[in-house]
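Before I ask anything, here is the structure I am working with.
Note that the chains take the letters A, B and C in the order they are written out, and that residue 1 is the start of every chain.
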Amino acid sequence: MPTAGSVLRAAATLVAFALIVVPILIVVLAAFSPSDYFQFPPPGLSMRWFIEFFRLDNMRSAFALSVELALASATIATILGTLAALYLARRGGMLANILQSLFVAPLVFPTIILGVALLLLYKTIGMPVFSGLLLAHCVVGMPYGFRTVLASAQGLDPSLEEAGQSLGAGPLRTLVLVTLPLIWPGVLSGWLFAFIVSFGELNTALFLTGPGVTTLPIEIFSYLQFQGSQLVIAAASSIQIALIVILVAVVERIVGIARITRAR
Amino acid sequence: MNAHTDDVRLVGVRKRFGSVVAVDDVSLGIARGTIFSLLGPSGCGKTTTLRLIAGFEQPDAGDIFIRGVRVTPMPPYRRDFSMVFQSYALFPHLTVAENVAFGLRMRRVARGERARSVGEALALVKLEALADRHPRQLSGGQQQRVALARAIVVKPAVLLLDEPLGALDKQLREEMQVELRSLQQRLGITAVFVTHDQEEALTLSDCVAVMRNGVIEQIGAPRDIYDRPRNAFVASFLGASNFIDGIVVGRDAASIIVETPAARVRVPGDRSAGERVQIAVRPERLRMEGSDAQGLPARIRDIVYRGPVTHFHLDSAAGPLLSYRQNARASDFRIGDEVRCEWDSDSAVVLDGPGE
Amino acid sequence: MRSAWRWFLLAPPLALLLVFFVVPVVYLFWVSLHAGSTSELYGASLTLRNYTALVGDSFYLTIIGRTLAIAAVILGLCLVIGYPVAYFVAMLPPRRRMLATLVLLFPLMVSNVVRAYGWVALLERRGVVNTTLHDLGLLDAPLALLYTPSAVVVALMTILLPYMVISIANTLAGLDRRYLEAAQALGASPVRTFLHVTLPLSAPGIASGTLLVFLLTLSAYVTITLVGGPRSKLLVSMIYDSVTAFQWPRAAALAFVLLVLALAFTAGMLALLRPGRVQGSAR
């Protein structure tokens, strides 16, 4: 029996979901527009803007840089986050709590301030642009791997590692042969989050990109600011969206299958 | 304790967690080829003692020796032992055979020999058919046997077991107790296990250490500590017991005469006249005779049928008493009957310490 | 020996955070205490003038006030719309709830610049809204929807709404139903059960959602610039402008004002809702 309250809630949900999703759908739709400007409803579908995207040097190189940056920073961030999580997994006490808050801090710290601070530091010490950007994204991405691996590691039966040791496996072999095989879904999903975040990241890239070294989101932003609403931007945006969808689907398959083979 | 033939030796071991002393100056020796059990209520320190032998905890004081080697500073992966964990701790990502082979891999045993040993171990626990399954596909009892196979295949100097049968139902547990014992005897492995179940300890062990609050209250063969408990705690932890208070009024060569509120009784022991003592008698040793016999007068308060035995709850001037009677034939006792309680002279024990 | 090798676990990540997170922020603060310079990054003398100038200047105070006002409106809208949506999602059967959560999570993975662009495409003069209304005959001249404070509020609100919904929905979904049953057994109507039991118990979710939305609003430079236009300046825009003008001490001071606002809000939120208070379980 639907009550007034539940009808209102359902309506609110519908409106909210529409407001959230519609802008993204509009962008994807605009990317397939055959004409020079966006028409709604669209008269047809065309791939011309995608072709234009790959024709433009700056777009192509921004895309390539974003992918490189995301791959590198996600990998480094996840390795570091995993190390930190393994260290803290079975630790309690005040120091451990402080460390844990520190490793999660970049998630809540305003990244715009981090961007400014890093630019200042880089200018002072003369850091090359790509490395600086890479390190910034490692800082921003590390908490994701840290959190997912921490959850995985803490969910493990502590006797498993002790069992490894009782059978003669030292700390390193226990880590490689017992712990890692059991937490790798956490590592992979942490990597995925770090990749996605880096790929779409704006606030530090805003300050840390430079001439010739720019990421796709920043390139899109510059276009929008200075050249108006060109539809090649819609194509660029759609490519970004598509990449994310593919990545999430792939990892979901792998991690999903892993869950079936792991009884956890 | 014999330093030359003991496989495991603890000397003055102490371990504290914060302000709690979990293991308080414990010394013990475990002879080769025997099953030794650490028995006691939760929090008595038995699991901590086991983990100290394994090396998962470091003692604050004292030393631990395995086959004469001082292992105290060594981490677990260098000590010659293996362990069956309470949760079995089978590696979920490995098959049964890979689990069992793990310890052999660590010891760099060649592949062919490894496969052979794994096969033998699985045959010993009757699980050869399940070698390629994963742990989650096995029942609790099967998992427990894999854990056992994994631990014995490496032929350790000592096998540690942490409440290994706790998760099994009663019938399975009793089966496993028998299997465990026969396996241990066949292989001649020295085994130490931890349990809170006194029946299990009595069934399985060659030697039992009863612990309380980090201290060993009594150590000895099952029959010895059952028949001759040293104090009221041991007496009541291992089965039920009757406790009778009294004062020593006389003595002779091997026994003392104790005046209890109900009657005067003779008990083996050595005390001075005038001392207050507590006597323990097992209910199955307390016989009820007719009211014209000698012995402690009592009246039947309650009769509880328990299948193979019947429990008789009695009231006497010496306090409540409990008597077990086998139901070999129908008994003619009724509630309210006046009886006399007797026991064989060597069935009673004088306990240490004041009454509990 | 054991603790030595554990250091190899902690040292690398800790080093990264210390060198590229803690040190830069501390350095930024240090620079904010210096006078400006035209030739160097910052001047030689130490001064508090960068901060006092902000507090005394009505220009900056207006901007800070405007920033907080917009943040407050966005927060209010996210709460008012977000809570019912979260309730709806939390009450869904598990499969559908997972699907709904996926639909909510997906936009968060798309870069904010793309989502802001979506709103630009919707609200601009030749955008979807205007052309649709025109084609339906409801409009002669296009409405100036873009480059207004309302546009910024709407765009940011929809971009940040998923954070609020997911935060609250997670808390609500984890609520022990027995609390609600106990309240009803004691005679509380659905409305009163909600007000006196559900709402207080969802405080942790409300708190974390509010915190996230507020912090992200403060930092949302790209959205504010694209949807609000080049003339709508909020605190974060001032920071960006100062950096591009190489006025580092001023940029640093503004950045720290933003940080202080963020910290003050966080502290206030933790104190007000005291989420730790509602932990526990129905036993």
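Here, contacts are C-beta pairs under 8 Å (C-beta built on N, C-alpha and C of every residue); 3 or more make two chains touch, one makes a residue touch a chain.
From a predicted model like this one, the values you see are computed outputs, not experimental measurements.
Student: Which chains, taken as a pair, are joined by the highest number of C-beta contacts?
Tutor: A-C
Student: Name the chain with the Cα centroid closest to the overall protein Cα centroid.
Tutor: A
Student: Let me spell it out: compute each chain's centre from its C-alpha atoms, then which one is farthest from chain C's centre?
Tutor: Farthest from chain C by mean C-alpha position: B.
Student: As a quick test, compute the distance in whole Å between the mean CA positions of chain A and chain C.
Tutor: 18
Student: I'd like to verify one number: the distance from the centre of chain B to the centre of chain C, where each centre is the average of its C-alpha atoms, in whole angstrom.
Tutor: 61
Student: Based only on mean CA positions, could you tell me how far chain A sits from chain B in angstrom?
Tutor: That pair's centroid distance is 56 Å.
Student: Where in chain A do residues touch two or more other chains at once?
Tutor: 171
Student: Give me the residue numbers in chain C that touch at least two other chains, ranges are fine.
Tutor: Residues 2 of chain C each touch two or more of the other chains.
Student: Chain B: which residues touch two or more other chains?
Tutor: 75, in rising order.
Student: Where on chain A is chain C touching in the complex?
Tutor: The contact residues of chain A facing chain C are 3, 5-6, 8-10, 12-13, 15-17, 19-27, 30, 37-40, 80-81, 83-84, 86-87, 99, 102-103, 105-106, 108-114, 116-121, 123-124, 135-136, 138-139, 142, 146, 171-172, 196, 199-203, 206-207, 217-218, 220-221, 224-225, 229, 233-234, 237, 240-241, 244, 248.
Student: Mind pulling up the chain B residues that touch chain A in the complex?
Tutor: Those in contact with chain A are residues 54-56, 75-77, 81-83, 85-93, 102-103, 106-107, 134-136, 150-151, 154, 160.
Student: Name, in rising order, each residue of chain C that touches chain A in their complex.
Tutor: Spelled out, the residues of chain C in touch with chain A are 2, 5-6, 8-10, 12-14, 16-17, 20-21, 23-25, 27-28, 31, 41, 81-82, 84-85, 87-89, 103-104, 107, 109-115, 117-122, 124, 126-128, 131-132, 154-155, 158, 161-162, 165, 190, 211-212, 215, 218-219, 221-222, 225-226, 230, 236, 239-240, 243, 248, 251-252, 255-256, 258-259, 262, 266.
Student: So in the complex, the part of chain A that touches chain B is made up of which residues?
Tutor: Its residues touching chain B are 157, 159-160, 162-171, 173-174, 177-178, 181-182, 261-264.
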